[in-house]
């Protein structure tokens, strides 16, 4: 339980948290919410997925033990409060979110593997790290969560997480495996953003 | 914290997970969701209740440390995807769910007692094990959860969990106590399925 | 991880749990729910916030390890079931809830600090302790959660938690710091109840 991940790039991690926190804050501003709600949405979207992952794998919850993550989320909320939300909506945020999604899915999978979790649950931990913050944000806002939408989102997280686990299983050097996995997930999500690609729904004959 | 439950029948546990996972996958197919959503619903319904229980009692989360549970949930999602959902809806699934509910309520209570939890919280852990996966599934799907419906569901889980705790308190042999508790919960739930039995709502005079 | 909080007033804690549990039970009665739903709402509202806090800071979950908390929640549900809910609605419950909110925010922050959590996350733990039970209650009931309403609620919890952390940082005696923090949070929430004070929503030009 005292496993450490010495080389997880702390700055990358903080940037990922900030991007996710921004998506939460921007949703709150679109809903004309108060600053307190905005801060809460920034926090829960930024750290929700990693918190669930850490609880499930038995790791200390990362942001509770870190003095910087929570202040960064609060700073993001302040930024969103004092700027027009049009600055942040649209394609730029979508692309930043795609990068955060791919990075988190890979880092979440790698952390689970480092804690001795078997490959299939480890991939699921990666997906949870990338997606669950947004799911909680959407449930609290009372809108259909990303889980329920056909766009390629969870699928891109699953691809990144799966590539990361495959790389570890093949014994590839971490730098290569992680980079390839992040690139794969980011590319798939980016392709979906650019083209509107979506998965087909269930429509079994007689279904 | 290193308590083990040597005799919890692992096969029974996997079957219960699979049945619950199927109820999640079938709901996703009814909502015409994609395969990824279906897999997510299968997982969360199958393992949600046990995960919350394990977190609350301080046990390692069962499916994260087990190489089989998550693959079984994924296999259930594949099965649901490639078959007409009419195969799975209706009475057969209701009865299988009733069996899973009773079994999980008993196993959850027994695990909590084995971790030294007092009887009342242990019974609540059994109820949580049986019901919370379905609650999370319903909240994510945006429909009223089983908690909010008058049908005898949570009540049947509470009966099974309470009988299990009573049997332990009376010092009955585990085989007998568990069997009686599962039978009691399953019978009550089955009676409700067969007759539409429901609890009365609050309607206090002046209320 | 084996930190103890010898002087947290256990009676105060139980009273706070009971007040929150009552708000959950009263909501269930207003929705004409069954007794089982009422008991579930009482439990989740009474212990939800403290449970999430304990999981996040790595403490044993308080009510699972305590033989009294869960029975108190069940007793509150019985009380609510056998009395007209008009007895409990309205101003009296609002004021009791305000007291519970302030007390929980302070106790939650103090517990987090005692576990070695840094000030900013510790304040967030206080807010979570005070508010998350109500958030889960509202999500399960399918109504907009307190997080989404402009009234001063989360803000009052944040004030109480912030004052508690500030007092600890200044080295004030705990009795003084806690009392001042609870009084501050309670006063702000009380002022909002009495006057309808609410925070402004986001309405940036061009937003």
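Labels A, B and C are assigned to the chains in the order they are written; within every chain, residues are numbered from 1.
Just so we're on the same page, a contact is a pair of C-beta atoms (placed from the backbone, for glycine too) under 8 Å apart; a residue touches a chain by one contact, two chains touch by 3 or more.
Not measured: the values here are computed from a predicted model.
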Checklist entry - What is the graph distance from chain A to chain C, where chains are linked when they touch? => result 1
Checklist outcome for this item: Cα superposition of chain A onto its copy chain B, rotation angle rounded to the nearest 5 degrees, comes out at 120
Next on the checklist: Same residues or different residues where chain B meets chain C? The copies count as same if more than half of the interface numbers are shared.
Outcome noted: different
Checklist outcome for this item: Per the C-alpha means, the centres of chain B and chain C lie apart by a whole-Å value of 29
Checklist entry - Which chain C residues touch at least two other chains? => result 55, 139
Checklist outcome for this item: So, in the complex, the side of chain C touching chain A is made of residues 55-58, 112, 117-118, 120-121, 124-125, 135, 139, 144-145, 147-148, 150, 154-155, 158, 198-207
Checklist outcome for this item: Residue positions on chain C within touch of chain B in the complex are 28-29, 31-38, 40-41, 43, 51, 55, 60-61, 63-67, 69-71, 74, 81-86, 139-142
